[in-house]
Amino acid sequence: MRIEQEIRIRKFNKALIYLVLILLTLICLFPFYLLIVNATRAHSEIQKGFSATFGSFFWTNLKNVLDNKQLPVLRGIVNSFLIAASSALLATYFSALTAFSIHVYDLKLKQFIFSVILLIMMIPNQVYALGFVRWMGTLGLMDSHIPLILPAVSSPVVFYFMLSYMQSNLPLAMIEAARMDGASEFRIFNQMVLPIMKPAIAVQAIFTFVGSWNNYFIPSLIIRTADKKTLPILIAQLRSADYLKFDMGQVYMLIFLAIIPILIIYIFLSKYIVRGVAVGAVKE
Amino acid sequence: MKKLCRQSRKSISYAKWGYIFLLPFFVVFIIFTLIPLASTIYYSFFENYMSGLTQIGPKFIGLDNYRKILLESDLPKYAWNTFLIWTLGFIPQILISLVLALWFSSKRLDLKFTRFYKTVIYMPNLIMAAAFSMLFFALFSDVGPVNNILIALGHQPFSFLQSVSGNRGLIALMNFLLWFGNTTILIMAAVMGIDDSIIEAAQIDGAGPWKTFIHVTLPSIRPILVYVIITSMIGGIQMFDVPQILTNGRGGPNRSSMTLIMYLNNHLYSKNYGLAGALSVILLIATSLLSLIVYRNLTEKE
Amino acid sequence: MKKIKRIIASMLAFTLLFVVVACNGTKDPDTTTTKLPDTSNETPKESGGQEPVAGQGKVLNIWGWNDEFQGLFENYFGGVPDDVEVKFTLVPSDDNAYQNALDEALLSQENAPDDEKIDLFLVEADYALKYVNSPYTLDIINDVGLTQEDIAGQYTYTQEIVTDSDGAIKGTSWQATPGLFAYRRSIAKDVLGTDDPDEVQLALSTWDKFYEVAEKAHAKGYKMLSGYDDSYRTFSNNVSSPWVDDKLNIVIDDNVYAWIDQTKDFTDKGYNNGSSLWDDQWAADQGPDGKVFGFFYSTWGINFTLLGNALDTPLPDGVSATGDPDAFKEATEGNGIFGDYGVIEGPQNYYWGGSWLCAATGSDNLDLVKDIMIKMTCDADTLIKITQDTQDFTNNVEAMETLAADDDFASAFLGGQNHIALFAESAKGIDMSNISAYDQGLNEGIQTAFRDYFNDNVDFETALDNFYVNAIEKYPELKRPE
């Protein structure tokens, strides 16, 4: 009798849990559903009210957004992509390099350097934004993409991840053996270590790419001319420019373009991304 | 003797490579972080802003900017806003994440489709905060879809964007959605890393699920919890994209959603470098102190 | 001991860095000069500050805050030489963003490569003074090459507002902007029994009468106005003193307080929809499903905003009343509430805004700039065409009076009304003597701050506080009156 009761309670609990999970899923997905629906409707349709069904204006809205002279969207996507990809490349390569030097070499200031890098991690980058912007002005780098890409070389968070990964996956003996074989340090790193780091690099490349793609604050202070703008800046422009909201179909379409491509990539790579976050956690 | 010499020579010459490999990181750090940081601190001691097309200053005024910010401005209000909105989002975030992490990692429950749920709840973390905020601005506006639904269901339309609680609530909701997936995955990984034998030992001792959770699980995942709390706090202080886009930089009704960084951004846009510098330094000190306090507190009781 | 050594070493390094930065920090990289040249004693010819480079550059850079002028330029100018590329840079004007971006660019104009130098930029009445009184705009007569004859046909107030303290005219406009009240004919018929402009004007000729009609409209389920900011300009452009006095104190005129009182009253009585200028609700209220009696507007708004919001299906690109009369008729007849609006002067005479073209100092395209200015702001034929197409009130006294007297001129959008006739006289009397360089930030600021008061989110004093805080954030040199 008691066991039957227990089983029933357990089944009931489980059903409740599933309910909660489904609810959470709905809350997560509902905004995107509305986004897609409204991106397919015309301005006048949107003004009329809510609709759960799709409209037929997807291609028209897309065409209008791409043709919009005030919002160089294609340019923005290209810019965002180039900056994000370059940042991902630089961040992963140089973080791995830096982690390699801490892991492999017996340096006098090793502890100190390590602590410094940890400290850097704690500084929010908005705090030195002022000095950053003025200094870029002095260097003649205002309104250029360089200040948005180069700083990726020094990414403490990626470094930390690489170091943790190396500590569990790169035995020093391997390095010693390669040295006996006569390989130069540089070659050892590029040809032996990097391939071993591939999973870590992949995960961190994705995170760095996404982080750079979504970055708004610093780029908004640096970029001035229209065809250098990145997507987040265009979104902000959309928000503040009243005259651009005369066509809400375009508004939703622009948001769609900013969000959906990343989501599609995510759905394909989700296994690795989620695993990557988990791996990072265990290493902490 | 000879062998020793050769060995020490080898390790020194390799160490040289170590320093070389460190160079790019630190050179870039000095150029793009250290100099800006020093420069910001420097600017904070000067009166420096634009009046129309004329430059006022730079004129050395010592701690006057700090005085203006700390004593004469609404800084406490913005700090409170930031803290309140962060708390509103973080408390549900950590609670739900803990619960979800336990559910997903529980062998007893053996939930199906966990990969699907994990994928879905993590998804918002990758969304451009600015675009997400723009979306919510459109969806929750007075004539937007959410209000349409409310009216269709027979309720009164509610002005989310014009009410203080609605506005702050939306920001907190967005922060929650953006981060709870990430937190769940992190905690889940930590939970799965707990040695089963410890849990079993507790259960043999007669501890129920609740007690096991409080006395065994939580302490075991302390490092992750510390990590989550600190990074979330630092993220909270940096809260910018979401409220900025939602309220178009105005800080919502009665400046009740104006966060610290939005306030900083206003000064940067007015080109008031003196005040912006002082504010930046204050934020830097506050962030460092907070991180230190939380870190100490949570790692003390071993 | 080692730890202490390390701490001292890092502190020393940091201090060294500090010193390095300090030595570089005294130079301001963004400005070419830290103090502007004193132009008070110079003759008008030298007010440009440097010799304007005449001739032809390869890229014509035009800056603005929305696409109003771009539309006009592309449809009506047509005189761009083949080898010149026209580049529009548009920065939305909210929160002084446009002004800030423009300022930065103007300040580095000297060092900019020719192709990036700003040639022409637009300014609004709200901040025209700031640029007019600076050396960054060129004298259109002496530096750009327009003649007194060229500009003779314009409404004098459009020239007075952009004349600097030495008498040099620093800008020119294609429009005059008398204020009006646009009303829904169908709603007027329901509430007043008539939609004839003259009779509607009689019913709304004073603020007291306006209130009465608001009550009547409310009784029939309509709102008199859409939101809080609609009537702002009617009050703010009739102030008796500028926003900022010569001691840099912010001065809130009695008329602005009158606006606050009226709006609070209307809101409490439910006479408006609580919208803000340019937002979703406001735009929707102008559309086919809107139940709002009318909108305060100026002539530039009719084509630029009201038309788009009133239609169900948007107009196809490039179709205009004079360009494609048949296509235009087809696209607009029965489309939404096209034809359901009429305009009157309203309870008080006022003006609203206006855009001016300024030639930027350092431009490398002065010949083309001159041509643009002449064609777009002085040529009567172009200006008449613009009015016929867009219902905008253009800056040519003769043209406007001709159209006013023309019985055949009627705006289909306005239900066949000749609205130019309405304004031809009042446009001559527009008085802009109380503008200041801070108008944009302060106008925006007071509307934002008091929105909370109208919404019952804060009380009057708090709203006032918020206004001052925001104002001084934007303009650090201003002071709050004791």
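Letters A, B and C mark the chains in the order given here, with residues in each chain numbered from 1 onward.
Following the convention adopted for this analysis, contacts are C-beta pairs under 8 Å (C-beta built on N, C-alpha and C of every residue); 3 or more make two chains touch, one makes a residue touch a chain.
Only a predicted model underlies this, so the values are computations on that prediction, with no experimental measurement involved.
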item	value
Chain whose mean Cα position lies farthest from subunit B	C
Selected pair, greater C-beta contact count between A-B and A-C	A-B
Cα-centroid distance, subunit A relative to subunit C, in whole angstrom	39
Computed distance of Cα centres, subunit B from subunit A, in Å	15
Residues of subunit B engaged with two or more neighbouring chains	35, 38-39, 41-43, 143, 248-249
For subunit A, residues that touch 2 or more chains besides their own	47, 134, 240, 248
Per-residue multi-chain contacts in subunit C, two or more chains	94-95, 97, 279-280, 284
Subunit B contact footprint on subunit A (complex, rising order)	14, 17-18, 21, 24-25, 27-29, 31, 34-35, 38, 47, 49-50, 94-95, 97-98, 100-102, 104-108, 113, 117, 120, 122-135, 147, 150-151, 153-154, 159, 179, 185-186, 189, 210, 213-214, 216-217, 221, 231-232, 235-236, 238-240, 248, 251-252, 255, 258-259, 262-263, 266-267, 270-271, 273-274, 277-282, 284
Subunit A-facing residues of subunit B, complex	11, 14-15, 17-19, 21-22, 24-26, 28-29, 31-33, 35-43, 96, 100, 103, 109, 111, 115, 117-124, 126-132, 134-139, 143, 145-146, 148-149, 152, 177, 181-182, 185-190, 193, 223-224, 227, 234, 237-238, 240-241, 244-245, 248-249, 261, 264-265, 268, 273, 276-277, 280-281, 283-284, 287-288, 291
Residues on subunit A engaged by subunit C in the complex (per definition of touch)	42-44, 47-48, 69-70, 112, 134, 137-138, 224-226, 237, 240-248
Subunit C to subunit A touching residues, read off their complex	6, 24, 27, 29-30, 66-67, 70, 88-92, 94-95, 97, 101, 104-105, 277-280, 283-284, 287, 289, 304-305, 308-309, 311-314, 336
Touching residues (chain side subunit C, partner subunit B) in the complex	14, 17-18, 21-22, 25-26, 28, 31, 34-36, 94-97, 100, 103, 106-107, 130-131, 134, 136, 274-275, 279-281, 284, 437, 448, 451-452, 455, 457-458, 462-463, 466, 469-470, 473-477
